[in-house]
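Letters are used for the chains, namely A, B, C and D, taken in the order the chains are written, and counting of residues starts over at 1 for each.
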Amino acid sequence: MQVSGFKFARTAILFTMMVLSAQVFAATIKIGAIFAVTGAAAYLGAPEEKTARLFVDNLNKDGGINGTKVELIIKDSAGSAEKALSFAKQLIDENEVVAIIGPTTSGESMAIRDYCNNAKIPLISCAAAETIVEPPLPYVFKTPQKDSYVAKWAFQTMKDTGIQKLAVVASNTGFGSGGKAQLEKYAGDFGITIVLSEQYDPNATDLSSLLTKVKSSGAQALINWSIEPAQSIIAKNMKQMNLNIPLYQSHGFGNIKYVEAAGSAAEGIIFPCGRLLVADLLPDSNVQKKLLQKYNQDYKAAYSEDASTFGGHAYDALLILTTAIKNAKSTAPDKIAAAIEATKNLAGTAGIFNMSATDHNGLGMESISMLTVKNGKFALYEKK
Amino acid sequence: MNGFLKIDGLGKSFGGLRAVDSVSFSMKKNTIHSVIGPNGAGKTTLFNLIAGSIRPDDGTVLFNGENITALAPHKVARRGIFRTFQAVKLIQRMSALENVMLGMHSQTKSGIVSGMLSLPLARAEEKKMTERAMASLEDVGLATQAHLPTGSLSFGDQRMVELARSLVGNPELLLLDEPASGLNMKETAGLTERISNLREKGLSVLLVEHDMSLVMEISDCLTVLNFGQKIAEGNPREIQANADVIRIYLGEDDA
Amino acid sequence: MKKKDYTPLVAFMSVSILIPFLTNIFQVNFFLTQLTMSAYYALAALGLCLLLGYAGQISLGQAGFFAIGGYTSAILSKAGLDPRLAFVASVLLAALVAILIGMPVLKLKGHYLAMATLGFGVVIEKIVRGTPALGGADGISNVPSFTILKDLRITGGKADRLSNYAIAFVILSIVLILMINLLSSRSGRALRSLHGSEDAANAMGVNVANTKLGAFVIAAVLAAIAGSLMTHLNGSIGPGEANTMKSIRYLSIVAVGGLSNFTGTLAAGIILNFLSLRGVFGIYDDAVFGAILVLVMIFAPNGFGFAFPARFGKGAKK
Amino acid sequence: MNQTILAQYLLSGLIYGSIYAVIALGFNIVYNATGIINFAQGEFVMLGGLLTHSLSSVLPLPIAILSSVTITAIVGALMEIIFIRNLGVLVKGDGGKGGVMQLTIMTIGLSILLRELALKVWGEQVQTVPFFTGNESSSLSIGGAHFSPQLLWIMGATALIFLILSVFFKYTLSGQAMRACSASRVGARLCGIRAEVMVTLSFALAAGIGAAAGAVTAPLTQTHYAIGTSLAIKGFTVAVFGGLGNSGGAVAAGFILGIIESFSIIVFPEAFKDIVSIVILLAVLLARPAGLFGSREASRLKEF
């Protein structure tokens, strides 16, 4: 079937025309969102995308921001940095969004950070790596707690239970390597020596050989830093190998699916995390309680699955952004950025946000608490 | 100098089967030498051993005094020995002209870079190759079909393109692997005439063939194989009178 | 006298010159950035088209060479080396790796070759993802721009959109010229004969092993060039660029482009990547490329698309 | 490095080995009957795990496993009939439109589509299958090394599947017919073998065995929509390492690679585990292009 070369030219022009017709002008506040809805980081991106849609639907039902509806343009980057960059440029230059939330992974956030900052469009990343906001760029913020706080909480609990020799394993992803770096940085401050520190393949289906290495390292406790199902595999492998040392996880464990997957092996796992997962157990005086419970109920009603802390990062990003737009009473990106930076004790799912010129994350140590798993459910960890 | 092509004790076995069993013969320059024998006598295996596509277990092949026994096929070609295939092997998607131009690969040397930048050397060689190839196609009467993809040519024409391809690099020795198979009477006659006037042009031809009329008419010397062993050698008249040859072809005389 | 068939080149250049005027008329100049990115991906696919379509050697590791080009440029230029030297170094390294890997691997055929090249890609991705010095899973970001001449530089800035579009499409046109010349030259013919019959090529004096290696190295070099320039354009590169799925996407592009057809591969590479980079396929992005592979193999195993008469060197009038 | 630690490394090597072996067996079936490498084999394993997960909540486990094996076998057969068969190459000899390589490329596309379908049906979250005996924490021990009883089930399943395949290909009529198809389609048709049916049967058999592998390994490895890709690459590595088409070779190669990978952890980080097995594979391929136990002649003659 021979098609002459000039058909190529005609099709290219035809196609360009078709795409142009999509320019619809509407008086809405356009917000861009980049999530890894599919691909390797889908465990994080999919709940984030669902939460973002839910948040904006509810917001628009209550009349949007100061009476103007919000239009959320969501792009699935599948966790790849080059797609995230292409979408960021498209959202800024073409869709002319006033701000962008996401992306999901640290690698993507680092790739698009400078472009958004130079284009003076506020970016609120849902990725954990500290380097995204260290040193803080005027237009770049992030909602997940600092890895260093999560590490310090874990170390504090280990110190209280007399652990000196610790083994660190982490998944070979942005999330994993970020956490591992913080663990190695702050272990000394708590008198803990790291006897083994290694990364494993994110798609690992069995980690018994790595855990054998942990066993032979003589570690008194193991901490695993990852967002993948490997978290439950490690818990099971440890029980199966009779490696009876306490297992700590990162805030990546904040998804009930992993507890179900690990079954009885999940009992007693300790991990620092936001308070979303134990909302009902919080004292009524807790400022976040009502917000967390509403988020849990709305999410479960809309998607018939439990909300996860990962989705909470997107919730917080939109909460901060929409509050800032409301306070700034303007959709000029520079005013929005200033308003975000001025965010003070705003209760989000991950904690109380207090942004400042030097802190573009806004969460302190108190945003985290130690949780554990008791008969298949998340519970607050009481120091024995 | 009769050391043109000397086969000395060539042997090859596939598993238990001793396909070629220490065969030796030599071939003079500018002659047509044929290898005949019943099916399964090891003719094609011997042919492939000389052409280098399979490695012999023992024995040597000397060409102009040089030992080319274990040389890879493309090195054998570089020494001026070109071959055709029993089942015609042409590049279907390339035109007849381009297939024949491929035959001049070993006589030209422009590399990948000069090809890409289409430097003067490459362009000059390209011009030379095109002319020579067209001329060679004219020799076999296929100039008009030069630009058709070879897949669309008739079987007989494809054989001619393969012949043209192996001649375009004016080889010293031409190895023809059953060129007449699949040709009708008229085409075989044309082929016979074409091979014999190759000899006039100073070419030497080693022929493996079943078609006795073709072989007996144009061969200067014949080697007869049976079950991998050489059983007779000589000019056509001697071979036709040889008792052993008659026996293996026409079977035992019961009388 | 036979003249080379430059019609595909003329068509390609005229369209690529036309597009900026069109985007200007319709005020959609932001398309240019994504078109530039797509052009570099098409360049890597062009390399695979030569290797798979013309030389008949399958490779499921093309993304590995793209990553070698990108990462080498990123590291060297971030370490202060002039991006031009970093570019040359990345291309040389890719060629060297291609030779070291190609020599042994190209002895293999079919599934074994597919597995070996797939394995090569996986090894590159694991090394790049697992080495902290290479930025680990986050990859490398804020890679400096690549200044070719005084004010002509490869960078992702909004102001440089048109110039970067021009650079990318000029490079593509140059490579297309080189490829057309190559294919109608002596070594190009030897390369194409591999796909037909290796025995015939061998018998005609073609050193099959070296010719395969040549095609493999050219494919690797084109991928490295694309990787290096794309990294400067984006200012960053991640381990995802070496992923198996990326190599499979190059395969789909070459397949839909018409296997042995440069223009088809360029057209498919640019259009498909452009749509994918704009998120037109949404969460079904991978699914689209998967479906392409299935559909192309059902309806046109030798590919269709904007096929120009696959034979080059048409020469004299019919 | 005391004795129990060594025993533990060996045991985890057996765990890896049994998972790789049972998956590689699936590759060999389709290869034996058709000469294709079916990249969708990983997806059959995924489907086996996810179907068993869903069905085990409504049916007793053994019945859930059997039904997911059957369903996946049907999926494999349908996939062949709809996509592979009409390409014709497998049945009408080389009269078909595409060669074996085109078919292998198609299975890459099919594996992606199956994966996206599973994403639609089961979502992106991880799922598990209950352990056959005991639960996640139950553990047995030999020589001081502890392991989950599920390992015995996996090794048992591997042995059983290997046995079924050997008997099937050697002694049953349809087994020999399938091998005949692989040797020469035209020849098989001349002997009255309905080649189309054989090829479909081979895909169904490979799909069923893949699903069984998925079901038996899922308790340990857990399962989610994208688990197929990495399993396929590993299964392909092991199948090629053992010699394509050689089931015994695949099982042996699976365990060899599994144990080497397990002990490689002592020297290399776990993240580089896959590199170790690929480097070994490349080394073996170059020394013996037909793999460890593959026959050199068969691989050389195979027309790709």
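FYI, a residue touches a chain if its C-beta (ideal position, glycine included) is under 8 Å from a C-beta of that chain, and two chains touch if they have at least 3 such contacts.
Predicted, not measured: the structure shown is a model, and the values here were computed from it.
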{"item": "Chain with minimal offset from the mean of all protein Cα atoms", "value": "C"}
{"item": "Furthest chain, CA centroid comparison against subunit B", "value": "A"}
{"item": "Centre-of-Cα separation between subunit D and subunit A, whole angstrom", "value": "35"}
{"item": "For subunit C paired with subunit D, centre-to-centre distance based on mean C-alpha positions, whole Å", "value": "32"}
{"item": "Rounded Å distance, subunit B centre to subunit D centre (Cα mean)", "value": "48"}
{"item": "Overlap residues in subunit B, where contacts from two or more other chains coincide", "value": "none"}
{"item": "Two or more partner chains touched - positions in subunit D", "value": "269, 271, 274"}
{"item": "Residues of subunit A whose C-beta touches two or more other chains", "value": "38-39, 172, 199, 201"}
{"item": "Subunit A contact footprint on subunit D (complex, rising order)", "value": "1, 5, 8-9, 11-13, 15-16, 19, 119, 123-128, 135-139, 141, 145-148, 217, 220-222, 224, 226-227, 230-231, 261-263, 265-266, 269-271, 273-274"}
{"item": "Residue ranges of subunit C in contact with subunit A within the complex", "value": "7-8, 10-12, 14-15, 18-19, 22-23, 26, 28, 30-31, 33-34, 37, 126, 129-130, 132, 136-139, 141-142, 156-158, 230, 234-238, 240-241, 263, 267, 271, 276-279, 282-283, 285-286, 300, 304-309"}
{"item": "Subunit C-touching residues of subunit B, taken from the complex the two chains share", "value": "51, 53, 72-74, 77-78, 82-83, 85, 89-95, 97-98, 101-103, 105-106, 108, 110-112, 114-118, 122, 125-127, 129-130, 147, 149, 165, 169"}
{"item": "Contacting residues of subunit A [partner subunit C, same complex]", "value": "1-3, 5-9, 11-13, 15-17, 19-20, 37-39, 75-76, 78-83, 85-87, 89-90, 93-94, 105-108, 110-111, 113-115, 118-119, 129, 131, 172-174, 176-178, 199, 201"}
{"item": "Touching residues (chain side subunit A, partner subunit D) in the complex", "value": "38-40, 42-43, 46, 169, 172, 198-201, 203-210, 212-213, 215-216, 229, 232-233, 235-236, 239-242, 255, 257-258, 260-265, 305"}
